[in-house]
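The structure appears right after this line, and notes come after that.
Which chain is which? They are A, B, C, D and E, in the order written, and residues in each are numbered from 1.
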Amino acid sequence: MDRSKFPEIVDGKSQYDLDSGRFVKIWNGPQHPGVTGNMALEVVISGDEVVDLKTHVGYLHRGFEKLMEQRLYIQNFPLVCRICVPEPDTNEYLYAAAVEELSGLEVPERAQWLRTLTLEMSRLASFIMWLGGQAGSFGMGTVGQWAVAVRDYVLDLFEAITGGRIYHMYITPGGVRDILPEGFDADLEDVLKKVEKFMHDAEIVLFHNAVFKKRTKGLGIITPDMIDPYGILGPNARAAGSTRDVRKDSPYAVYDKLEFNVIVGSDSDAYDRARCRFQEMQQSIELIRQIMEIMPRKGSFYNRPPNVLHWQIPPGETYVKAESTRGEYGYYVVSDGSNKPRRVYVKGPSYTHAVALFEQMAVGTNYADLPGLMVSLHTYPPEIER
Amino acid sequence: MYIATKAFYLFVSIIVALVWGLTVNGIVRKIVARVHGRIGPPVWQPFIDIIKSNAKRSMIAHGVMFYFGPVFRFAGGLGTYVFIPAVFGSVVFENLSFSGDLLLVMYFIFFGQLGMALGAGEGGHPASAIAVGRGLAQMTAFELPFALSIISLATQYNTLSITDIVAAQQAGVMSWTVFTNPLATFAALFALLGMNMHSPFDIVIAPQEIPLGPPTEYQGSLLGMLHTNRGIFVSAKLILFMNLYFGGALNLPILMVKTFAIYMLSVVVGVAFPRFRADQSIRFFLGVPTVLGILALLIQ
Amino acid sequence: MNSLIKRLKMQFDVEEQTQRSNLSFINATALQLPALLTHLRDYEKYTQLIFLTAVDRIEDNQFQLTYMLADESSQNNIGVRVRIDRENAVMTSIAHLWHHARTYQQELREMFGIDFPGSPGVNDNFILEGWEEIPPMRRDFDTREYSEKTYFPRPGRSTTHPRTAMKAVDPDYPELPLMKGRVK
Amino acid sequence: MGLKDIISPFYVWKRALEKPFTHPSPLTTRPGSDRYRGFHQNDMHKCIGCGSCETICQNAAIDLVHVDGIETTEADSGLRPKIDYGRCCWCGLCVDICTTASLTMSNEYTWVDADPEVYRFIPGADEKSWNDTDKGYRRAEGYNLLETERVDMDMTLGDDGIKSFMEVIHGYTKEQAMAEAMRCVECGVCVATCPAHMDIPDYIKAIREDRLEDALELLYRTNPMPATCGRICTHRCETVCALGHQGDPVAIRWLKRYIIDQFPAEKAIAQLEQEFEDNGLKVAIIGAGPAGLSAAYYLVRLGYNVTVYESQNKAGGMIRYGVPYYRMPEDIMDDEVTVIEKMGVILKTGIKIGRDLLFEKLMHDNNAVLMATGFESPYELSIPGEHHSRVISGIDMLDDIANGKSVEVGNVVAVIGGGNVAFDAARTARRLGADVCIYYRRRIEDMPADSEEIHEAQAEGVKIIVQSIPVHIEDNNGSPRMIWNRAEMVDQGPGKRPKPVLIQGASETADVDTIITAIGQASDYDYIPESMSGRIHFNKTRVATERLGQTAETKVFAAGDIVNSRGDAISAIADGYRAAKGIDAYLTTKKGEK
Amino acid sequence: MKSTENKIIHPLENAGVPEDQRHLYCDASPRPYPALNKYVERFLNWARANSLWILGYGTGCGAIELRPLLTSRFDISQYGMNPRPTPRQSSVFIIGGYLSVKTLKRVIRSYEQMQNPKFVVGLGSCTVNGGMYWDSYNTVNRLDYYLPVDVYVAGCMPRPEAIIAGFEKLKSTIMAGQAEGANEYAERFDWYKSNQKKIIKDWDMPDYNW
């Protein structure tokens, strides 16, 4: 991008003179409805044009990685889901998978199916909420309202399976905590129908909306050659033509037994990203149906690790990854032979999207597009700072 | 004696306009809520909000102009209303209409916004400043088709008195301006969309990036005043449009039906679209609506 | 993966450890790291930096830095591990190789106290604000103690271990050990 | 961007005609799902206060506190979890690990208050609206954080077992022991129940961490005869084990045995402290059974010069002479005694007090005397014909076998009684080649013998006839014929154990070669001289003592079976400890008086 | 926690604010406002209770359950509540669970910008006693040491229904005239400030921001 008209950057910092009257500095957040979650954007604008942006994170920092070093392996499993509030199951899965790999604990087949089911359901829920946010950030509250309501139906399903709406704490090292409740299939189908109806409506009113198109087309273009230097992942990269999808590239759980295609876009602007995600939502619904059809209904769903109060895991380190709605999510776990992990590093895809990439992309956009652009990168602050 | 009676009538008229404006607000919220798939606040919620705002105990200020903002705004709303004859032929609701009132009303419509701009600017919040900039730019943009439409109307009816324009439309439905001068009407209705600040022209108060725009810093009774003004101003705008384009009203029920229908126009559009950016909406207003306005003017 | 390791071993002094078919770790020295990473990025298609983080090996008085790279096509992962001294920890910046490495280095500077000279904004606050203790992710920082010291613990909480409580069953519960001054 | 893009958004208005998403009255009509993890419930009577919930809670949200109306008993710490809802994260791990499955979660989720201090309560004890809710999070079937089955012990049972007097139980291997040690939740409920209050959780932890030296140290702190207890202990600890509520209790006895099995006498001696300060005071102990040896061990550690007098040839008492070798091998017993001797105890065997050495002399020579003679004389059946020559007592038979004498029992043997001695006798008889049948007055669950022993005996082919009372023994051509009667259990009201009552007319006969009686033993106090008879009081057959074993004659203490009624080795060992403590206290105060 | 420690009123220092900018900020402590005439106050309280405007600041996990609450599924607008994007106009501050020190600083700023009467609702365990993050170095444990809290809602996260119940409780408290958190904050200003300053190490904001 031609940055010549923007303030000069010296040592990573823009040099602008606020007293000149040319520039106005605005803080978007942390107390601000225009940012996704509790984070802040330090924006410098000139007229309506953003000339410098700095992302400030850390408002949600709870020191998870430190806390996890202080807790037993089993005690960490309720903790990890809190790292990403809208889509906790990926965290639960990854933590369990990493611990299982390091300890050599086998997981029953049925548990893997149940895990995949919840993973896909949480993908769906997270995407629905994102869709609402994307519409809302451009001022279309109607779809936003519908979306959150429809997502709530999915949460009801989660509540029926796991006993929790937001924090499911369902995928535990060794398997899952329970099987599906009675009558779940019918409830699920009911909810999927509602979601499909919502998506049908949303497609008509949002994706065929003159104003929405006008706002999003051409906004925030990610070119393919930006993918690697900025570490772009997930739908953000796929909308730019990348075909990376962990579910396909290195299948985990039972994704190798499911049929689906990687959804790839071409325009890589905000509209195209939205389109890609929308198709991934449809794909999720399809996958859920597939899972329900071929999932085994009998058998064990939990392999007990050794007494969890004294469970020690031999020294080793591993990195496990899974595809979340924002892209590749990873857990790097180091064990030192004791009953507590030596180090758990959580790599959330928002980390690169919300800071390095967004700081770059925002420069030159209209200030009014900032919230929409941010949502179109689909970032969740808690996974940045953990 | 005459003045006292007039003042009393005016007072009644203002109260009715205020109550009706707020009620319309309440009803519209309810309707919008239905589209959202929810129940929505009670119809009387705007009234409670105003009481609540005035019940705030503490207040902060940013200088004299800051106080004047809402006062100007309120004066603008009030001024707009008091010079519009609300009900055709009614003594109580004829307000202070006179032969040149259309120009005065036009002036008052924008007076309030300008005053607000000054006050909000004094608040020191950058979001307010940005919003004011956007608001004024957008206002200028939609003012153009509106002004063109008014000029077209003035040419058509050869008068600047609202009462006269209303009187000219009393021959029946087909004599309403909307049928006699559809181009001017549509140009004005587009402007109304902008004036009502519903989507897609609500970038001025977009809560997503500039929290509420100009009134960001206002609270307590100042905010209450702004809310009160919203009641009167909505009434005034709608009555003006009703008078100019939809044949006015002979009594209060007709007034209510017509104004509500006009307001629904913004709502129908509003819930269906995201908002334009300021530059996009300016471009929009300078496009089709302005062309319509010019055409309307040319045809006359 | 194996052929890659072979090729690497020809050029660099590295040790390798395979964790899974699509994940290997290689140990490298801090000195050759930038060259190794550049090589992996430019010639071996490990174009993506997934993350960069540190593990506090306090028992060796070292930090272990792990650079996780991903292959663009096969999505295999390779973790490059480097040990650096824990005292005055300094490491070469790789911000010129990947844009987002900057934030990782900024975070490591803050949470572990590892300096990356030349990395843009590395000394700025990233997550913490007004932090005055030793960097919190270091093993010798005790978060529980800090929390109790700083954030008003709730009064009135007490617990009894069942073993203690059950002493009530027997008045002659042994006070151990029953032994007097030992001569040896 | 065509006309369609302008018109289609108005499709939103369709929603206005449909039913709203809004739930009309969410507060009352939306209960949590059947599995909802809401506020906690606790079944106060099932809960034993083991504190596993506290251990696993990563938020330190649970405190164990005393609750009014809940007494501390041997199987219940009397504590109950108190949950701080300023900490709880509703993960339900406490429910998952609850050893008794008493802790659950209701599906209630609304609790609102202005005072933060109220968010602490004891589920089940404090009055809450959700206490009796039957929906909410429960542990799923097939999901349990704790292993309910113990690691199987390798045994030689059945036909192989009865071929010889080789030890039946083989002991755990390291892997087995570690796996079994993993099961423990370290609640410590067992510690109080163990008469000797052994550090059970600690030594299990030491096994788990493979610190066997520490484990041995821990064993010898509270129990000088761990090898004995690792084999034949009645393991009350296991009956109260928290894990026993939902599965098998932790095999505490076998774990103890695993530790001591790794330490033959020399190794154990090398490991333990052996030199103690000499305080110049002398104590004599009569009887080298578990009580006597235990007291000797502790007293030596306190610096006393201790001499133990034993009438038999070897030390060990009932453990050596009353327990057959297949349960308690001779060399293990020897090792056990060796370790205690090495500590500095002087052992004088083959000396019967009253016959070889007078009690008065002991009294004179020593600063204190401890009587730990035990119960050696068998009880009689008190039925007609019991003095038949082929009616022998179990204890005598076992004694003979242990002394290497040959015992003939014939082909068919009836054993009368349901205690450990009865089973030992029966299994010994089985090893001598006889068909054995045990006759017991009550039901199997009433038997005082260990359940393992019953199980092993059955596996070895010992028949058991319960609710059978011998009424008469006749002579049938030199061998005895037993006439016995069936009995029914008559309830004696709550808190009392049911009493067997003869059923009229239901008598049967059994022709056997030998009848072994094992219905209990009594003591023989002949060694106490006349001069002291008035100064030592008796309580029925037992010596009346103070808490720490002191009799009315202040210099004389008593311990073991002659004092306590439990009649097992571990109680005797505990008694020895108590007596040692008593003697020490007595002598210390006396010294102070001087 | 009604403590009288630190009751000594000392002139505020406006710590952290450069000398030349002091005039931009208020350097007076807030003052308590007495209730009006009983009947008037009762009417006003009714209005306050039925028009609760929520400050749109999602401070923690709790924000996730506010969304269903504010939108169609649970729609608290039917109870007269609305999200407001600016603290100036809001009357209810919902603390969505844990507060990191960095957020607490912003929360205090936002809270002080709200106008009297203002109410604070604490969601979840974290606000009561630290919740899951009780031993974290970066989260405060007990909210009432830093802000006066009117209602706590138990849960982690509390369900939307529970939060509604919390609001019902808040309403009844307001109508009973007991939700005087703003006045309490003014009366015990020094105590709150000392607690806040104890953990916010870089106090680069004025002591009191209106």
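Here is the rule we use: a residue touches a chain if its C-beta (ideal position, glycine included) is under 8 Å from a C-beta of that chain, and two chains touch if they have at least 3 such contacts.
Since the model is a prediction, treat every value here as computed from it, not as a measurement.
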Task: For subunit C, the least number of touch steps when starting out from subunit B - done: 2
TODO: Quickly list, by label, the chains bordering both subunit A and subunit C.
DONE: D, E
- [ ] In contact with subunit B and with subunit D at once: which chains are those? Just list them.
- [x] A, E
Open item on the list: Taking the mean of each chain's Cα atoms, which chain ends up nearest the overall Cα mean?
Closed with: A
Open item on the list: Can you tell me which chain lies farthest from subunit B, using the average of the Cα atoms as each chain's centre?
Closed with: D
TODO: Could you grab the centroid distance between subunit A and subunit D? Build each centroid from C-alpha atoms only and quote it in angstrom.
DONE: 55
Open item on the list: Measuring centre to centre with CA averages, how many angstrom lie between subunit A and subunit B?
Closed with: 43
- [ ] State, to the nearest whole Å, the distance from the C-alpha centre of subunit C to the C-alpha centre of subunit D.
- [x] 47
Open item on the list: Just the number, please: Cα centre separation of subunit C and subunit E in whole Å.
Closed with: 37
Task: Multi-partner residues of subunit A (at least 2 other chains) - done: 32-33, 58, 61, 63, 66-67, 70, 78-79, 142, 145-146, 149, 152, 167, 205, 209-211, 214
Open item on the list: Please output the residue numbers of subunit D that touch at least 2 other chains, ranges allowed.
Closed with: 9, 11-12, 15, 20-22, 32, 58, 84, 86, 89-90
- [ ] Please set out, as single numbers or ranges, the residues of subunit C touching at least two other chains.
- [x] 127-129, 136, 141, 143-144, 154
- [ ] Using the contact rule from the top, write out all pairs of chains that touch.
- [x] A-B, A-C, A-D, A-E, B-D, B-E, C-D, C-E, D-E
Task: Parts of subunit A lying in touch with subunit C, wherever the complex brings them together - done: 11-13, 57-58, 61, 63, 65-67, 69-70, 101, 227-231, 244, 246, 249-250, 316-319, 321, 328, 330, 332, 334, 342-343, 345, 347, 351-352, 355-357, 360, 385
TODO: Sort out for me which residues of subunit D touch subunit B in the complex.
DONE: 9-13, 15-16, 18, 20-22
Task: subunit B partner contacts - residues on subunit E that touch it in the complex - done: 30, 33, 44, 47-48, 50-51, 56, 71-73, 75, 77-78, 80, 82, 84-86, 88-89, 91, 115-117, 182, 210
Task: Residue numbers on subunit D that touch subunit A, as the complex places them - done: 1, 4-6, 8-9, 11-12, 14-15, 21-22, 32-37, 52, 55-56, 58, 89-93, 96-97, 105, 136-137, 140, 142-147, 179, 182-186, 208
Task: Residues of subunit B touching subunit E in the complex - done: 29, 33, 36-42, 45, 48-49, 51-52, 55-60, 207, 211-212, 215-220, 223
